[in-house]
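Below you'll find a set of structures to go through.
You will see chain A twice below: alongside chain B first, and alongside chain C after that.
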Partner chain A sequence: MNRIATIWLWRAASFAVAASFIALWQLIANLKLVSPVFLPGPDRAWASLMRGFSNGDLWSKLAGTLEHMAYGWLAASIAGIAIGAIIGSSRIMRTYVAPSLEFLRPLPVSAIIPVAIAMLGLTQAMALFVIAFGAIWPIMLATIHGFAAVEPRLYEVARSLQMSRLAVILKIALPSASPDILAGMRLSLTVALILSVVCEILAGLDGLGHWVLLSARAFRSADLFAGVILLGVTGYVTSVAMSMAEHRLLAWQASQR
Partner chain B sequence: MANAAKRFEVIPGQPRPQIAFSGVTLRLGGKTIIENLSLGVRPGEFLCVVGASGCGKTTALRLAAGLYQPTSGKVDFDGQPMLHPRREIAIVFQDYGKALLPWRTAAGNVSLALEAGGMPAAERPARIEELLRTVGLPGHAGKYPAEMSGGMQQRLQIARCLAQEPKTLLMDEPFGALDAMTRQGLQDEVLALVAASGATVIFVTHDLDEAIYLGDRVIGLLPHPGRIGIELAVNLPRPRDQLSTREHPEFLRLRRQLFDFIKATEQ
Partner chain C sequence: MTTDKAKEKAKEKVKALLLPMAVLLAFEAWARATHLQSDSLAPPSEIAMALAGAFADFSILTATRDTLFSTFAGLAIGTVIGLALGIAFGISDTLNRLMEVTVEAIRPIPSIALLPIALIALGFGYRMEIVIVAFACVWPILILSRAAVRSIEPRLMEVSRALRLPAAQRVWKIIIPAALPRIFVAFRLSAGIALIVAVTVEIAINPLGLGAGIMLAQQALRPDLMLAYLVWIGVIGYALNILLVVAQHRLFGRAALSGDSA
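On to the complex of A and B.
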């Protein structure tokens, strides 16, 4: 059997698994093994999803969540790359600052949410801060690692060409660290989505998190599940988009393997 | 040591050396790598440096490049003290795989040197094409280094060095990692390129035949600490030829002398 046939067989098998999970879900709902108040069938969840889209409710919630996620993630990316570059390109900074980072990094972001609320209130600024704070770590640590791992020979090439410090960062260090940085950005994307939902729930900000919370409180289980499904799809689609961007940006790496 | 100092003395009527080591000593981590090295390299000269491993020949090259500063003594370039690396001095590293930017194509790698030299973007493509043709890589402009063979990557590194328009070309065992056939081809190409550009060359190698074949002068270093042990003028006709030069009686005589020297240092 050739390789392409094998790939398609695996795809068909994973699709069948997914389909049977949905069928099982439908079966459980139809048999009312769990009360319909808590568990809608896939049919009802789907209908709610379609209704939400056609009357525009879900679109605005989705837009709200994507906005929180995007702003927080972009802020984390810019700050994370900048700070990571400064720390990573200096051995002295790495020695002195890295231990502090190791202390801050495992700090659960949920622990700083009360701090952020106390300082910034239940505002968009609070959400931006919390999302960016949580999402910055994978990016910053990956950038530090990427900058520290630049081939020393390339710095010698740069010295012999008498390149400026800025040119060295832009033309040598940054591209060299880009595989690490992009991997960090992909991890952060998931963190940003999680924290967007958490902030929306806690601060009542417009978005899918808030929608899910209100639906649950009102026992609108179909709407609740529609929101959850949409969040899952958001996570999946953004991660696939990120992978595609990575693939394009790192096309040069394909030839190395 | 008096002898070494004499070698460096500027003799009236002789051109000023382009690169001059005067009493250079280098200590790194408490170890003396190079001791009291004095050496002048004339403009346009092709100087080969040989020696057993650990004799400091690569270190000497790095001093000539300005990548290291001597602990005592000084290195001059065109009569000016060498305080940092400079664009007129190009370095061809042995590990071409590490010295090229893997995320840039062949054209992009050559472009790096042109960008550093401040060439306007509009003029670069023509110059890049010319340089790639010079080193025998026409039609490979769009390839990434990883898609090229070792010999091609080393040619590419040479093209980037030529883009610096160097007065001096420093080569650190540039063909050490290549197979014999590729190496011979590249030796002749480097000789032709150097003859055309008039650049001064310091060429470090562990291959004694290669040193005699390429050089106007061969210096053999003694190890621990590195210092000059032998100096041979190579009076072989140019252009050199892979067959007739290597069969020349003078070539064989120098080869014997150099082999005896290396053998003696290893005991």
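On to the complex of A and C.
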């Protein structure tokens, strides 16, 4: 039997297993082993998902969450790479600034939320600040690390060509640090999604986080599960899109090896 | 030679401390000069006083205990489940392939999205927090322990087969010891995640622990206390990380480093 057919056979079997778990879930719900207030069957969750999409409710919530995530993450990416490049390309900055950043890294970033609320109130700006603040760490630290790990001979070449610092950053350091930076950006994407949900829950901003909380408060469990499923799909799709982009952007490196 | 190196290291440490010291001093001076009145900022001296006050009335210690209890309980449950699944998937390729779709469908759900479900099913308190922390910890442990089991020297597995060890003994005597250094790396990563998730759940909704403490301080318009909590949460996160890194080096030395890149 050829290999492709085997792979597809395994995949089909794997889907069948997943389907049987869903069937089990349906059975538990139908037999009311768990109160339907907490656990809707997959049929009810699916119906709620379809209803939400057809009347546009879920679309706007999904758009809200994606918007928070995207703005915060993009801001974090730009700032993280810029600050990381400044720190990473300078020996002085690396000795004086980088240790402080390493010290701040294990801080649970959500702890900044109350401070952001005190400064900015329960607003959109607060959410964006928190998301960007949380998402900047993996990107910035990855950039610093990537810059420090650049092949030293490349810097020697740059010096003998008398390239300016900006040219060194743009032409040598950034491309060679790009695998680290992209890996950092992928980590940040998850952070951005989680913080978006938390900020929506806390500040009542329009989005899926707020939607699932409201559904829970009203004991509309089908809507709640629909929202959670949609959040899972969001997490999955964004991370797949990111790895595809990574693959694309780093294709030149693979061909060099 | 070695003393020179030690001196060099000490110098580096002093240099690393210069920036935070300068920032704190500048901030203190600025706050004094402008007679700062703010709901969100407080001079470092007042933050230190608030922290001392919170220690004196034990409020911050109780909060720390509550947070760490949820963190470690969730971490323990998540580790056991993740490790069991990871080892099973690592040993049996068939099982791994069959479960692939199910695992990949559940894993990307952000842990915090389970918060409302846990809330209506379990109510406020330790239980819901522990469940969410455990959910968050299962995945990194599962993925990394599966990889660790797969990378075990095949000859070890051949030996266990030649000795006809029963499955339970094979896991206990061969697989776990061989994969332990990398499993510990996974555990270290998960411990960081567990603390983050616990604090986040507390900040978002659960009236318990450090997260609730910092939210209360904010709502009471006590920026000094709020920032004191922030500093303390940072210290806890840092201490937990250092503790586990040291434990890793003590227990496994160089063996664990190979797992860090994976």
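FYI, the second predicted complex is superposed on the first by the 247 of 257 C-alpha atoms of A that agree within 3 Å, B and C clash if a C-alpha of one lies under 4 Å from a C-alpha of the other, contacts with A are read in each partner's own complex, and residues count from 1 in each chain.
Basically, contacts are C-beta pairs under 8 Å (C-beta built on N, C-alpha and C of every residue); 3 or more make two chains touch, one makes a residue touch a chain.
This is a predicted model, so every value here is computed, not measured.
*Asks:* Chain A superposed: clash or fit between chain B and chain C?
*Replies:* Chain B/chain C on chain A - fit side by side.
*Asks:* Give one of first, second, both or neither to describe whether A:Val228 is in contact with chain B, with chain C, with both, or with none.
*Replies:* second
*Asks:* Answer with first, second, both or neither: which of chain B and chain C does A:Ala125 touch in the superposed model?
*Replies:* The answer is neither, since A:Ala125 touches no partner chain.
*Asks:* Thinking of the overlay built on chain A, is A:Lys171 touched by chain B (first), by chain C (second), by both, or by neither?
*Replies:* first
*Asks:* Counting touched residues of chain A, say whether chain B or chain C comes out ahead.
*Replies:* Tallying touched residues of chain A, the top partner is C.
*Asks:* Please indicate which partner A:Val157 is in contact with in the superposed arrangement: first for chain B, second for chain C, both, or neither.
*Replies:* first
*Asks:* After lining up the shared chain so the two structures overlap, which partner does A:Val17 touch, if you call chain B first and chain C second: first, second, both or neither?
*Replies:* second
*Asks:* Going by the contact rule set out at the top, does A:Ala82 touch chain B (first), chain C (second), both, or neither?
*Replies:* Once the two structures are laid over each other on A, A:Ala82 reaches no partner at all.
*Asks:* Nearest approach of chain B to chain C by C-alpha atoms in the superposition, in Å, rounded to an integer.
*Replies:* The answer is 13 Å, the least C-alpha separation in the overlay.
*Asks:* Would you pull the chain C residues touching chain A in the complex into a rising list?
*Replies:* Spelled out, the residues of chain C in touch with chain A are 12, 15-20, 39-40, 97-102, 104-106, 108-117, 119-121, 192, 195-196, 199-200, 203-205, 210-211, 214-215, 217-218, 223, 226-227, 229-230, 233-234, 237-238, 240-241.
*Asks:* Inside the complex, what are the residues of chain A that reach chain B?
*Replies:* 151, 153-154, 156-157, 159-163, 167, 171-172, 175-176, 178, 252-253, 255-256
*Asks:* What part of chain B is in contact with chain A in the complex they form?
*Replies:* Touching chain A from chain B are residues 65, 67, 84-87, 89-91, 93, 95, 98-99, 101-104, 112-113, 115-117, 144, 146-147, 164.
*Asks:* Residues of chain A touching chain C in their complex?
*Replies:* The touching residues are 10-11, 13-15, 17-18, 21, 37-38, 95-100, 103-104, 106-115, 117-119, 190, 193-194, 197-198, 201-202, 208-209, 212-213, 215-216, 219, 221, 224-225, 227-228, 231-233, 235-236, 239.
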